[in-house]
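What follows is a pair of complexes built around chain A, which joins chain B in one and chain C in the other.
On to the complex of A and B.
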């Protein structure tokens, strides 16, 4: 009998062996352990490198592993000291993908389908669903901030991170069309790298150099370059280095306008997100504006801020509640909506959350502005569905176990 | 090892644990010895203190008893609740927060000599040229010792604050300098608050001649004064020096008494903001207050208090002052205040500490004489005392709810009583099912640990945990569902770890030999509680994600607190799946479950300490204690691991194997 089992095992096809491995409980345990370590390191690393840099590093699908950095423990002085952990941690992206695969194969496909295991299957299913929701959010979520003053209307949200180059065309004294160089090709530029961007719908191309993600333009006359940096239009770009809160980054770069034949036209231009004004160039007698800024995305409807209110706790400057009365303008339709903390506006796949306001340094300003965080996430409500299912599954499973435990204990006590 | 020896060792270990807890509590709660002698220090009478305690004031966004403000003011300034000195008669005097508040307000010249300021690091003083060779690196100082360099502190703190606003990371010493400057400023405003009543205003008809008049009189004749000044200005004449001095006195008095204390309810019913004496002064003089008569009466009532403090029936005047302002406050403000006063009076946590303490002792002695009549009596005693302690904890939680009418777990402090109560309740429930005395022994120890932690944390945190919440937390539904579930999960995790710790100790000390199924029972209990912890932590974590999604649009933000909760979920899942996969057997389950205590502590406390640039000494002190805790748990795990290798090196008989561990790895 034993030998026949061994032979059967030996005869297992490679595909089945791979399936067995991917669906195994042992792999599940190891993956859960690795996810535990990943979460722990992610918690420690964000204190020294910031949240977004940590996330980009830990969930980078292009790399299989990385070396974590954490703050030094047992540090009596409290000074922040970065320590590299020489342990090749598997990328969170691949870990989550493998975990979802393991859970699907082992916890849904291969698991014995008996009545007692039904709640376990239900719980596993809800977690797979949650992981899928996380994946959808990771790849498809859009997030930005819409800032609007009382009495004004806006239909654009500004991205928190992505910095782009905008080239605006003019017609009849107003901006008629905007052309974009997206953020990814810009941020992939190394400091000493130059890249030519072919602008398909413009009569010229742009050559971008010296792109710095967090740059401060410095007046060369007052503060000369410290390391021989290039001076353009009497300014040079100081690299301010990465910040923990990357949404505060303000990029800078140099741009040259090139003819379609690749010949430079005019002087090199300095662009900086910190600057409030775009650069103006003229090509073949037509004016263009070139601007480096956080990306704006246009919403399918506009929001008008009718009134903003903030109520503070008595005797303090701490806001007890802040809320916006807005009118949603969608073509000819008008809809009045009240937005406050914990009560967002959800319309057409977009959710508007009350997130900030200003000016905050004045007690009774003439006019408030409200900042609404705008999020578009197809998996918006999926976690709630997952919660309901997992709660049902776990309560069923552990409730039954508790009942069995109590019955057994009672029997033992009686005997 | 003989079972009886094992029992004695267990007794000794438990004794050491209790002693450690006692030392931790005493060190955390006892005031630093000062050796200070103030000959003329006279203690405030009990009547005075009682009357002062009940005076309503507005602070931190809510109306509270003056006692609460005094309590947290002292904790913030000095880091503890008492100052021990000696008076001229050689008597020991204990200065309580309320007494210190009265000293600061009514006897500032004495308060200036008291060691009120805790300085975290002497480098802060050395940086401004102050050196005290007789003091330690962290010590306490009086205002008289620091006042000479007060402006230097303020200047440095201003620079650091500006850097902080530019989002630069400050060193701990720089952060502590800001904190000390803030304390000096708060102290200054409290000790100068009643200067206007003490010094009065020097009113001169002509230059050189003058007499001192109360501020309330000045307020009453403010129209005449304003008219005189207007006339003078209309005639194009410069204001005489004595008039300028007079105005400067008013301005100074207004400034000094504008902050620190807000004891006057608004005159209009629909207003919520209470006033300080300085605000009444300013409002009257600038004409912003229409009910001048009432404002004058209010200022006059403070002048009366100052006069009485100097030699009158101070207790009676304080009581009258409190009654007067209370009568004007709204019922919505006074209801919580009355509940708060009764909450302070009840001392629930302190009483629970005694119950759990004696319960622990009874449990400890019952260990020495098992299966005897004395042991039965002791077990009954443990039941009674632990249940009483639990009821007191629940009473504290409900009482706090009645003060603020919001879910009972909203601050880190409030999690301590809640987690303690939940873990004790579950332990008693488990004991009710199993009736083995195991959970009964664990319950009072957990209760005692929680009570000590609650009392010590309140002192080290020095923040009023009843103050209003930030805007985003003001959602009773989410606070109730998410926070209660997740903190209940913490309680279950800690309880499971406690049972596993008992298992390891029982095995190491050979206490399991007399009772063959003890190990199996402990494993089943511990594993069952791990499952319960998983259920609560997972549901709580997802609920938190949903709250975040519905409040600010993201389900998961990798926030340290969220990560901590996820770590508990993942670790409990490791235990569950490890067991089913055959990777963890009896010892493995218990060693992994003991580690759950570290995971829960990291999630519950440690993640709150990870914020960069927020370190203060108390903060670091807590952090170091957490490392001690981690060390102790790791030591237990290591000992258990070695024990498992030694004790289980021979193949066990089939009957001894754990029925929870599958014979072979199962598939999912």
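On to the complex of A and C.
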């Protein structure tokens, strides 16, 4: 009888076994070690593939594992060579998700709840909160740049990566409506594929082909095509290849206007993000502008650049500090704001950081422009809150331990 | 546990696949912004893609890339230089004949020409051939409504008589278009012109 009771006590239900495994310290240790390896490999891969491609690969929630690539610095030509590590590294996204679950179950649910461990629970909670903030940032953060010249106003930021096609309609000589083809169905196109975009609210459709993620339109008369590339109106698209700094990519493609019956109604047009102006097409006597560019986000208010200042290190052209005086225009409201490095403007869920300026090749230009990085992230302040809470929890924990130690020593001394 | 793990793996692998259709419906618009003010209409490709200093150089460059020679058929006349055309001629009241160089493949260009007449595309291998530029050029013929593109209106009752050949990695084309009866009357002139056409001599 006694032995059967012991056996029953030892045999856990499968659900409890899974819970114990997910909440275990062993799993936490393994996950932290794997996160350490992931960070190390990510640092190595970043040098060969660039920061953003590495982040997209290492924290891709759609894949369970991947094969890292690192650079081999010493080869015959002296160039860095890409080497694939045939070790299936678990996706950082799933490692972080599992670690968050482990910390929640082990450090918040299963932990014995006594007064003494309250600071430990608080610290665990704040780390879980930090991981959640990272998840929200991963899925919801948007970053772009707002460029504005002194004396001018802008209410639009341009995404760093997403390339879109815009078709603008006209009424009374001004743009009246802008139709948007999002980036995903464009970037998923290979150079030899075509895709038809059925424009629901326009009298024509668009056929996109030869989409190149980083392209340069070349004048055929100055530089003829090198590999038989198609020339359209004296220009062709050169594939500039991927860059480590993917925010510098400027796409290019061919576009044909199709009737609703699918018949081409014009010659091919080259679209390129590296364009000074959009292409104009005429359909049924009405003009339309077609533009390939980085996606624009229209802000709920406008920013006017009143003055830009740059201070340089003595005797050099190197900027020591640079700052912008701007006026925020929101309907009838005007607000003067000073933006400088590490002192951003935070308004209505958007944060404006002073990030760049120009023209930088002239010492005293007639007019400066300022580039403000615009960030929209619902979890903007969550890491700060999390760190304050974890600091409070740890101070509480260490303070209580110190107090107990000192009380014990005093007691021992008096006895 | 093993089947469950396999199922999980299969589900994750499937979710990694990407599906892409050939057609995408677009309904999205974006609000107007300060960047939509004062747009430039009808910018040329040079204005769109070149910095101002290079734009000034473009018109100075010769339109033709090589020395072309040919026997001008009776009734044909020089129509003056035109962008993207190596030789630009006219005949009759509304016919034009021109030689140009383009990229892509023969089939791409054949498809484009047939597409301008709303005709079914045909394989290059099935097309008749004539002598042109020292080789065998394919001949393309179509009739109907001609949509030349580049904002020009479509015209009914038109015809196409053209030839194409790969020359030095590019596609050399001879294209006659115009009212169907005028193009039909120029068949002999077209063959004579194609046979006489030479480059670089």
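Just so it is clear, the second predicted complex is superposed on the first by the 364 of 415 C-alpha atoms of A that agree within 3 Å, B and C clash if a C-alpha of one lies under 4 Å from a C-alpha of the other, contacts with A are read in each partner's own complex, and residues count from 1 in each chain.
Rule of thumb we're sticking to: a contact is a pair of C-beta atoms (placed from the backbone, for glycine too) under 8 Å apart; a residue touches a chain by one contact, two chains touch by 3 or more.
Since the model is a prediction, treat every value here as computed from it, not as a measurement.
Asker: Once the two structures are overlaid on chain A, check if chain B and chain C clash or fit side by side.
Answerer: fit
Asker: A:28 in the overlay: touching chain B, chain C, both, or neither? Say first, second, both or neither.
Answerer: In the superposition, A:28 contacts chain B only.
Asker: Given the touch rule stated above, what does A:251 touch, chain B (first), chain C (second), both, or neither?
Answerer: Neither partner.
Asker: Pick one for A:89: touches chain B only (first), chain C only (second), both, or neither.
Answerer: Neither partner.
Asker: Could you look at A:177 and tell me whether it touches chain B, chain C, both or neither (first, second, both, neither)?
Answerer: The second partner, chain C, only.
Asker: With both complexes superposed on chain A, which partner does A:398 reach: first (chain B), second (chain C), both or neither?
Answerer: A:398 sits against chain B, while chain C stays out of touch.
Asker: One more residue to check, A:110. First (chain B), second (chain C), both or neither?
Answerer: The first partner, chain B, only.
Asker: Contact-wise, after the overlay, does A:64 reach chain B, chain C, both or neither (first, second, both, neither)?
Answerer: After superposing on A, A:64 lies in contact with chain C but is clear of chain B.
Asker: By residue count, which of the two partners contacts chain A more extensively, chain B or chain C?
Answerer: When the residues of chain A touched by each partner are counted, B comes out ahead.
Asker: Could you grab the smallest C-alpha gap between chain B and chain C in the overlay, to the nearest Å?
Answerer: Superposed model gives a least chain B-chain C C-alpha distance of 17 Å.
Asker: Does any part of chain A touch chain B in one structure and chain C in the other, and if so which residues?
Answerer: Chain A residues touching both partners: none found.
Asker: Within their complex, state which residues of chain A touch chain B.
Answerer: My answer: residues 23-26, 28-29, 32-33, 35-36, 39-40, 42-44, 46-48, 51, 54-55, 71, 73-74, 76-80, 106-107, 110-112, 130, 133-134, 137, 143, 243-245, 248, 312-316, 318-322, 341-342, 344, 351, 353, 355, 373, 375, 377, 380, 383-384, 386-387, 390-391, 394-395, 398, 401-402, 405-406, 409-410, 413.
Asker: Help me check something: in the complex, which residues belonging to chain A touch chain C?
Answerer: Interface residues on the chain A side: 62-64, 153-156, 166, 168, 174-175, 177-182, 185, 188-189, 194-201, 217, 219, 221-222, 225, 228-231, 233-236, 263-268, 270, 272, 274-282, 287, 289, 296, 298, 302.
Asker: How about chain B: which of its residues touch chain A in the complex?
Answerer: 58-62, 167, 169, 171-172, 262, 272-274, 433-435, 468, 470-472, 474-475, 478, 524, 528, 531-532, 534-535, 538-539, 542-543, 545-546, 549-558, 560, 563-564, 566-567, 570-571, 573-574, 577-578, 580-581, 583, 602, 607, 610-612, 615, 619-620, 624, 627, 665-668
Asker: Tell me, which parts of chain C touch chain A in their complex?
Answerer: Contact set of chain C toward chain A: 9, 12-13, 15-16, 18, 20-37, 39-43, 45-51, 54, 58, 61, 65, 83-84, 101-104, 108, 112, 115-116, 118, 147-151, 154, 169-170.
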